[in-house]
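Each of the next two complexes has subunit A plus one more chain, namely subunit B in the first and subunit C in the second.
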Partner chain A sequence: MTTQGVDGPHPSQEQGWSRYLPRFNILLVLPAQLTMMVVVVVPTLIILWLAITDWQPTQAIAWFKAEPIWFWNFYDLWYDSRFTNAVLRTLFVVAVCVSIELGLALGLALLFLDEWPWRRVAVSVIILPMMIIPVDAANAFFMLFNERGPINHLVSLVIGSPYEFSWLSHPTWAMAPIMLAEIWQWTPLMFLLVLTGLMNLPQNQVRAAIVLGASPARIFFKIMLPLLLPVISIALLIRSIETFKIFDPVYILTRGQPGGATETISMFMYNGAFVYFRMGYIAAAALLVLVVVISICLVLARPMTRHG
Partner chain B sequence: MNENPLWVTILKRTAVVVSMIIAFFPIYWLIATSFKPYDQWASWPPVWLTDAPTLQNYRIVFFPEAAREFATAQQGSLDYKVSGSAWKAFQDSAIISTFATFFSVMFGTLAAYSIVRFRTGGENYPFQFLTVRMMPPIAVVVPIVALFSILRLSDTYFGLVLAYTAFTLPFSIWMIRSFIEEVPLELEGAAMVHGMSQFRAFLTITLPLIKGGVLATALFIFILNWSEFLFALVLTAGNVITVTLQVANYVSASSGKLYGVQAAMGTISTLPVILFGYVIQRHLVRGLTFGAIKR
Partner chain C sequence: MSKIVEGGRSTRRNFLQGATATAGLLSLVPSFVMRPRAAQAATLADVHIEAAKAAKELAAGRSVTLTIMQPSGSLGNVKPVADRFTAETGIAVNYLEVPLGEINQKVLLEAVSKTGAFDIALPATFGIPDLAESGILVNMDQYAIKYEPAGFQDDALYSIGDYYKGSFYGYQTDGDTYVMFYNKDWLDNVDEKKGFADKHGYDLKVPDTWEELDAMMAWFHRPDKGMYGGALFRTQYFLAWEWWGRFHAKGFYPLDDDLNPQINNAGGVAALEEMLAASKHLYPGARTNGLFENFEAFGAGDKFADIGWGGTQKFLNSDKSKLKGRMAFGSMPGGMVDGKLLKTPYFNWGWNYVVSSISKEPEIAYLFTLYACSPAMSTIAVRDPDGYFDPFRGAHYEDAEIIKTYSPEFLAVHRESMRGSIPDLYLKGQGEYFDELRVNLGAADAGTKSAKAALDDTAKAWERITRRMGNRSQKVQWAFLKSSYPADIRSRLS
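Up next, the complex of A and B:
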């Protein structure tokens, strides 16, 4: 990623009154920077304050006048099993969904290596899920996993007796439709990334290996996979980050019910802030999450962009 | 690898067909349900293909009279949130998404240009924007609600436009940056030798060369804005309503989800993004990886 920059602004920018203006290049990033300030930086500072208060909008006290309770929010969070469970559940969802997505994507991409008629049509159909609005996808899965939905119908056709399992109100199994919706919607993206990577592979090594009589499995594991590693790591990183934020399918399918059994971090914070109105408490949780996420990302993001 | 025996080829094609069916089935169910009459929405056994297709669900989405008629026919009270027409949601979503996309792409182009050609802020500067995409939006939603309440921005178009612009800026900056990097600097240099200022050289030489990319970025960001749900849910209180909110709204206190109506709204609301998605299919990979993987 080397760029040849031109040093400094154009000379005309430095004469007369205009030298009191910020330099031209700074002026160019200013609109973007200001937007970020208002929507991200200032709110992050507000979090620092809210996190040490017990502010609840229902108390009719403005948030900046709330009474500080210092670090009690963090103490409570540490012993709040609903929060720790939501964190563990989210990590579980990320690990399971992203690895299944990658496995399926690799398998699918291998089916599309050679040219055949209708190949492009097939690709277009397979990537359809990632094109639709996540809320609508979640809605479709809500209907599929309804007690009287097609999934239960298929099961009853197989076992031969009526099967009306209520997936979405079962404490353990309610997570399955949520994760399936996520996997269904985002495997296509992983597939596209892996396929792009495979198509861009240098063909010489693969051809040489074929000529030398290597088995397809050996070619895949010894040659293609190592060459694909940069693409795979980018795909894994991006999907992990996005899955970590999972909210839409949880909200549409269960809202964290029953009894918080399907709460992910985002759902836990939504319920805490906008159902129970414990804004200060949730700000403390948000602060923890932000610190962890940003520090992880700063470490991970650097190598990602080196493979341009 | 064309020397595959026939059965391998058959197996591979079968796997492709099965994947296509799985990919399409939930969408099929959404569309199929949108044409089902009321008594088939959640009947047992479920109706896979209705024998009495109706446009009633679509009428309820767009015409409040049809919604009232429907409520009376079901002996339900008018607690259905269906009373408001979805036109308002489409209109609001169109306004918000268009303005947010415009600002995001404009600010993004300027910033990307500055970052590529002047290396503004140094090596690490673009990462600051990337970090925004990594933080869960819910984490900043609480303070944004607090901030917007004193700025009087909650439940306004401008509030949502601001939030959407900020959260799509990482995409526009990184995507457009990758397009600008593909244009050799020598082209601008040549124009500057002829006396153009560098910024004019950018506007007249580079920008026309990357306009396809900028357009793809704009469509990509429009899709993100149109599909956004969390900010819309939290930063509005009835005055502004987006299509995603309208989809989630079709829940009634007396009879649960209005499957058919919700499916009808879902089908219509998702059509524009599917269309845009296929238009920019070539650029999707670049967009979703912040320009890291190109085609």
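Up next, the complex of A and C:
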């Protein structure tokens, strides 16, 4: 039998504790790991399984009993013009909306960099749109762009004759109100991220440039913008992922009409999974979309990795 | 007297005749054909009393509660009947309201989740095949044999959607046949009549054919004077239904016996081209407005024609409409096939009472549906002026309150239309078939595809859907469905 001295535990006892430490650590992280398993790994495995089946609830069999059809879903998706068009259309929406949001956010953030009266109130007003429930915001745009809505009324006043253009049913223009709704609602988020980045830029280089007589444009493009790049990358990443999932304005304004001209990937998948219950097919589509989104993320995350 | 004598409408007897003529279909002769109806004690007049009595006996003093999942807005139809059922049987009824457009999905989800959340549901009729295939619906052949009185289904003016592959899955409770609405003031205007007759060589009257309707809409379309030819739907969801009517009026089934699509044949393309041409004579909101906006748009009184259901008439015959009492009605227009007029009224929506296979009390649930769809109780249900249910039984057309709500002129046309309606595409995957059709028709209407390309693309997609759903299984139901088309129409379609 050993006794513990005043200087700490006996060496043999210490060895005993440390022997149990790895197991104790596992116990500590186990709840988090199990949660992750349940919410991420299990659904992912189910999606992987469904993607190689053609399971639908209408088959009256449990999903795990579905017969595998292997890669036929992916083959069908490749030749499904609605799917490929929806992916391309969504990429277009992401490119346009996020670019415009970034441009607007940069401009606004520069305006709000200096202190001026009512600045805080103005910031609150600018970020208001993103507080609105997306469905309500979309509904407002549905009203605005109705044949007899305020937009057409405004045009009528300008041209001096009745103007009843069907924005939401025109194959070329129907996407414009959807993108406007998205830009209007989410530019504030981009603005907040960029403003925070600008406010936290190291001031030494900027002050030095001012002392050396650099023009404001030169200071912005040569000093501020490169320093801001990691923040911009994060903002672009967040907004690109979010915009890729665009659903509310599409659902409320057009539901993918006319003739699928505004069908984004979320709308395509919503219809496939929750209206027609093509769970296997849509699981395969989701996997392909995941590959696309990860590729975009890797490209956008490059500046961040460069900055360590 | 059987309905075949009354109006040439399809009946189960017609189906039996058709089925026996085809050796391959013999196995399909459904059990309802052989039901020993005469053995039933109940009659049409007292079926609700007998159903309540049987339900009470089955409950045998237990505390039984039935839950009904119904589309939002239909409580006014369901509750008065359910309250009576509770009073007569002691069986409580709960309500589970879900959004109108989502009820079929909710019922289908129950096939996966099996929560037992409801005993009875009111899905849209066109979804019955998918629901039946999912196993969530009780096949009610045996209950019908046990409880349904003779003539019960023959008294319903439209019951094709109640059956899938020859088996009975739920009672129709809503007379959703498409009906045409016309601005009577414009139609009766002497100057307009003369001008139109001079130009076209025939009278301005309720049109018999789509060609006549299109000509009349073109005639009245004067947007510079605030007059529009029509308020017919051009939103994607509704678009396919009008084309379906126009296509059938060309004399074709959508599929041949081997399930090859016929929709992209010359008749289909012509029907679509005519529909696209007619789009020019509609009001500006036709492509964006939904159902209720459509009611209001036509009710404004500045359009010549509209298409809709009994619900449309409930609005138009109310004080909210400027056209109250100033409308003429017609069944859906037809076409000239082999020199003779072919009219194909179309039943394209409707709600069916069905019983969940997860229900712990399926027999009592069935008895509730029988009770609710009995002539006496369904009359009470249809009376609700704000509900969804439109007349579907003979008794409804003689009820003073219902006549007041709908007007006698409308009911005359509605009854005739119900009796001779063609069915929707009641196949497994109906939603997918129609979604492809809608998207491609929408593309043609938007001008991004030609009529031929749109229908060719739809046909290709339909072939894929059929292959996925199982060609053999779909063939069985298609043969059954074809045999259910009204006899006088069936003989004219190829």
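Rule of thumb we're sticking to: the second predicted complex is superposed on the first by the 252 of 308 C-alpha atoms of A that agree within 3 Å, B and C clash if a C-alpha of one lies under 4 Å from a C-alpha of the other, contacts with A are read in each partner's own complex, and residues count from 1 in each chain.
Keep this in mind: a contact is a pair of C-beta atoms (placed from the backbone, for glycine too) under 8 Å apart; a residue touches a chain by one contact, two chains touch by 3 or more.
Only a predicted model underlies this, so the values are computations on that prediction, with no experimental measurement involved.
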| item | value |
| --- | --- |
| Touched partner set for A:V155, first subunit B, second subunit C, both or neither | neither |
| Which superposed partner A:A176 touches (first subunit B, second subunit C, both, neither) | neither |
| Which of subunit B and subunit C A:D76 touches, first, second, both or neither | second |
| Contacts of A:I232 with subunit B and subunit C, given as first, second, both or neither | neither |
| Partner chain(s) touched by A:E164 [first = subunit B, second = subunit C, both, neither] | both |
| Subunit B versus subunit C as contact partner of A:I252, first or second or both or neither | first |
| Touching partner for A:V275 - first (subunit B), second (subunit C), both, neither | second |
| Contacts of A:N146 with subunit B and subunit C, given as first, second, both or neither | both |
| Partner contacting more residues of subunit A (subunit B vs subunit C) | B |
| Which superposed partner A:A60 touches (first subunit B, second subunit C, both, neither) | second |
| Subunit A positions touched by subunit B in one structure and by subunit C in the second | 63, 146, 148, 164, 274 |
| Interface residues, subunit B side, partner subunit A - complex | 1-2, 12-13, 15-16, 19-20, 22-27, 29-30, 33, 42-46, 48, 103, 106-108, 110-111, 113-121, 127-147, 149-150, 162-163, 165-167, 169, 173, 181, 185, 189, 197-199, 226-227, 229-230, 233-234, 243-244, 247-248, 257, 259, 262-263, 266-267, 269-270, 273-274, 277-278, 281, 284-285, 288-290, 292-295 |
| Parts of subunit A lying in touch with subunit C, wherever the complex brings them together | 54, 57-60, 63, 76, 82, 146-148, 164, 166, 168-171, 255-261, 263, 271, 274-278 |
| Partner subunit B, residues of subunit A touching it in the complex | 1, 3-6, 8-10, 12, 24-26, 28-29, 31-33, 35-36, 38-40, 42-47, 50, 62-64, 107-108, 111-114, 116, 122, 124-137, 139-144, 146, 148-150, 153, 156, 162, 164, 184, 188-189, 192-193, 196-197, 200, 210, 216, 231, 234-235, 238, 241, 244-245, 247-248, 251-252, 265-266, 269-270, 273-274, 279, 282-283, 286-287, 289-290, 293-294, 297-298, 301-302, 304-305, 307-308 |
| For the subunit C and subunit A complex, residues of the former touching the latter | 105, 108-109, 111-112, 130-131, 133-135, 234-237, 284-285, 287-288, 428-429, 431-432, 435, 439-449, 454, 464, 468 |
